[in-house]
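There are two complexes below, and they share subunit A, which is joined by subunit B in the first and by subunit C in the second.
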Partner chain A sequence: MVARVDWRIILRQPAGAISAAVILVFLAVAAFGPLLVGGNPDHISENILQAPFGAFGLGTDELGRNVGLELFYGLRISLLVGLLAAASATLLGAAVGSIAGYFGRGIDSLAMRISESFQVLPTFILAALIVALIGAGLDRVIAVIALLAWPQTARLMRAQVLRVKQAEFVDAARCLGISEWAIMLREVIPNAFAPVLATATLTIGDAILIEAGLSYLGLSDPSVVTWGRMLNSGQRFLFEAWWLSIFPGFAIFATVLVFNVFGDVLNKVLNPRGA
Partner chain B sequence: MTHILPGDPVTALVGQFPAPPAYVALIRHDYGLDQPLYVQLWLYLGNLAHGNLGYSFGSQRPVLALILQHARATLLLMVPALTVASIVGILLGGAAARRVGSIYDGILSAVSIGGYSTPVFWLAQILIIVFAIKLQALPAQGMYTIGSDYSGFAAFLDYLQHLALPGAALAFFNIALVARVARASMFEALHQDYTLLALAKGLRPTYVFWRHVMPNALIPIVTVIGFNFGSALTGAVLTETVFGWPGIGSLFVASIEKRDYPVLEGIFLLTSFAVLAVNLVTDLTYGFIDPRVARSYHGRS
Partner chain C sequence: MIAHAPVYGKLVLQVDDVHMTYHSHGRIVHALQGASLEVAEGEAVGLVGESGCGKSSLGRALIGLNPPTLATIDSGRIVVGGRDVTHLPERDWPEVRGNPVAMVFQDSLSFLNPVMRIEEQIAESVRIHDKQADVRKRVRELVQLVRLPSAVLRAYPFELSGGMRQRVGIAVALGCRPRLLIADEPTTALDVTTQAEIIVLIDELRRSQGMSLLLISHDLGVVRSVCDRVYIMYAGRMVEWGTTAEVFGAPGHPYVEGLLAAAQTERQGRHFASIKGEVPNLSTQITSCPFSPRCPKAFDPCGEMPPTFDLDSPAGHQVRCWLHAPLPRTAREGLNGARSS
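For the complex of A and B:
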């Protein structure tokens, strides 16, 4: 996008290169995996609660559905929710933060008060409450997560814009008679955006975790396979079928982990002041 | 605001079988659900101003009493878990700050990123599978042994046994968080001039660490612990669900299933209030930890 980032520095670090590669593999598997593997994750059979590593791959659940296949389709949902929610939250947060930081005064304090009040709310409880109220469609879950995740980005973007707008090239642009909006969009934001990329990557991990938590509580579209819902139904079979919990949970953990590791590397490179 | 949704609380109350329309209407009237929405909202806000959060649709009991009754169990889970997590996190982070770049430091960083990538309810299920099912060492459900009549110390031991697994699950995430911040802030304090001076005076490094580094590093750590009370609460809600711990989280999940709006709204309001209160206390704590903060405040007023 608009940010100026030297990707070579990031990919030269082992953690950065490995996590970037794993993310690409996950994206490819989510996009093409189901096409190659085939099969219907909702297909029920009489082979119920079969242990893993035998004839049934990663085992089967209480309805005889193939756990491995369900995991495949769950990856799509997790990535879809994570990427869309984080992208929306980042766009919203960056827009609010840029305008607040660039134009200041009333808009600034209003935006910051709103984002502060969002930050002290118990986010997950509010998300669960809203989803319980409006229903658990995928689009709504994404919207709710985005709505609750933007303030952090907004505050970071605001701080960045405040810093950049004092640079000499901004004064130069102003002397050339360029309009304030054009300066903000073309001069300030591209130079302020880089650290926001790190936060956006970390937000993907957060969003995947929140979605998993919501579906674990039963707040997900019943017609869609999600890892959280697999853990929810696996809970009843902890005694008989450990694989119904271990595999979906590990899938969530691994996916969130690669985004957090990549975000952490980005953070170190793009935002040297932040610990 | 809780009425724009699919799923009707009256259906949940009456049940899925066909009920006489007159009975449904009677229930609707008793709960005030036949009033226009703005009347319902006005009544709710008016009652709220008097500290009345309304009555549970499900159990007919006052929401406030219901929540406070469950709050005890949640606190009995959160306070020990967060205390242990804070102490362990500070010690681990401090140890890493003194050996930056060592293998120990690398392992701690990796474990702490792993710590907050782990869904707490999955960790909870793993703990149940390993310690309660395979090893049969610890109880997996509830807060007390059902049907027991322990009292005094025996009851306390029973509580500790039940606390072990949910407490560990909840503490893990917070240890990761605290250790990370503790490492960063102590690393900074270790490289300040006053630390160099203290070492140059010939003071023992351990003494310098506890007397000079720790107090200066404590403010960011306390901030993170306090401001993350909200996410700790989230962890508690999910952990309680896995372990059947009879706290606010279990009440919340049960109320979601029953569409018990007054209870859901009450939980949201009270937990928001709790998070605000903890943030305020965190701010006030600065004055105790760092006399400079207290002095600058008096200077202004």
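For the complex of A and C:
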């Protein structure tokens, strides 16, 4: 039971249709691309630092690895981290925001003070610090990003729940003798959730960016290919092999952009007040 | 407080001298100042009054919808289906809501969950109150009862007309198998022809389902056409009540006379007859007859104290007005003389 979204309104806008299409392509490539293309991104060859658009697709790096293949696998990681981190942050934020907004009083004040204290901290530095302390690893990176991103969702959800719980159909449901928890789950949350969906999409972009930043700093699992790590190792050859930096950089830029554009379109459709 | 002259049979609702106040940001509103009301099993009772007289506050109190942080019942008693709910804690209200008492609301768009199909909304009430029932079958039955095509089951509220949504609201309420149905201005948001259909439907269902009905309305015609008895409310209390025929046929309170005159001119299309003045401010407890500032017939005692006496009426017709004080005329005049000297 999720809020109904009229996808036709979103797809009728060029920005919405294009970003939705690109996201679908990205998802398909991430899911099936490596299977179709085959090959191992870690495969080392003697063809080092080959320029792109020749025999080696998007070129090779200093160890002779295929940049195009690495980008494919990097997309997987970026999307995985982005989607899982955004989903966890949204779930956590929506749960905290719903309970705070619906039951109010002490729980509300407590949840809002906690979320405020998270919001005044510089997200990226904190993420880097935590990962540096607890060690790198995809699961930890996802958890840290989710932990830092939930307060925004929680505050939005709380505001929505505060609005929806005053609606007459909530009183009407109460008149049927439905318990408060059931009212929150069945009546209030489905009607409060739509704007949160837009924020969740924007969170995906943020999460991808944070992940790229962390792995650029070397705070990611060294055994997986990520765009951030490609950037890091590419910068040493910035003048000799521009493609090692430009392609992963552009990949990060494009991925974050489409999620943000899609999130903005969703936001416009789902948040009529332009919040 | 209430004169128990006629025998109505078993009561499903008893409101006895209820005083209720709203507290909001330091402001206090005495919304109910001695409201009393009774509804017997199978009876249709009207509750009439103008905006702000407290009729909706009373209706919401009967089903526990006034937020406990804002509204407190200071004295009096509310008994619903034999259970005293005056100070019922929030966690126990689900045992009362739906059955014995269910509610139909005014604005037919806002009382249905906008993202839930009609079938699911009706099923919700059946599942809670009719544990043995075959939910799908019962939902279909209810939709037939309110004379909607079964196609509406797949629809969302915004796809239905106002009249259809109001029928859905009635079906949801009936799904609870209530003993008392409270209808709070059920037709106010509808156009005139639809109003009549909905009122006829509610009236029929009350009879066929053996429910009692408390119809809250400011529409005298609607109340007159379906209610056995009627209470006229003013400034948080009842000023006149009795059988519909008595109250509308021979009103005793100048306020009720004024209301009926206004309704009369409306029907005849003449220039509106209106009651001069405004509804009293309820931020204080009113210690006189609340209508006296607007009353064309006010005399000395009206400003002194509220009329609280009972009349000796075989049919239970009560008028809370000093004009009808059961004192000998000479004593009343003596009182006047004493007061004015």
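Operating definition for what follows: the second predicted complex is superposed on the first by the 273 of 275 C-alpha atoms of A that agree within 3 Å, B and C clash if a C-alpha of one lies under 4 Å from a C-alpha of the other, contacts with A are read in each partner's own complex, and residues count from 1 in each chain.
Going forward, a residue touches a chain if its C-beta (ideal position, glycine included) is under 8 Å from a C-beta of that chain, and two chains touch if they have at least 3 such contacts.
This structure is a prediction, so every number in the text was calculated from the model and none was measured.
Taken together through their common subunit A, the two structures put subunit B and subunit C side by side without a clash. Of the two partner chains, subunit B is the only one that A:G249 touches; subunit C does not reach it. After overlaying the two complexes on the shared chain, residue contacts for A:A132 are found with subunit B alone; subunit C is out of touch.
Once the two complexes are overlaid on the shared chain, A:I9 sits clear of subunit B and of subunit C alike.
By the touch criterion defined above, A:G234 reaches subunit B but does not reach subunit C. Of the two partner chains placed by the overlay, neither subunit B nor subunit C lies in contact with A:L63.
Subunit A is touched at more residues by one of its partners, and among subunit B and subunit C that partner is B.
In the overlay built on the shared chain, the residue A:S179 is in contact with subunit C alone; subunit B does not reach it.
In the superposition on chain A, A:L27 makes contact with neither subunit B nor subunit C. The overlay of the two complexes leaves subunit B and subunit C separated by a minimum Cα distance of 15 Å. On subunit A, the patch touched by subunit B and the patch touched by subunit C do not overlap at any residue. Listing the residues of subunit A that touch subunit C in their complex gives 1, 3-4, 167-169, 171-180, 186-187, 190-191.
Of all residues in subunit B, only 1-2, 4-7, 113-114, 116-119, 121-123, 125-126, 128-129, 133, 140, 180-181, 184-185, 188, 230-231, 233-234, 237-238, 241-242, 252-253, 256-257, 259, 261, 264-265, 267-268, 271-272, 275-276, 279 touch subunit A in the complex they form. On the subunit A side of its complex with subunit B, the touching residues are 120-126, 128-129, 132-135, 205, 209, 212-213, 216-219, 228, 231, 234-235, 238-239, 242, 245-246, 248-250, 252-253, 256-257, 260-261, 264, 275. Residues 63, 65, 90, 93-99, 102-103, 105, 107, 110-116, 124-125, 128-129, 156, 169, 172-173, 175-176 of subunit C are the ones touching subunit A in the complex.
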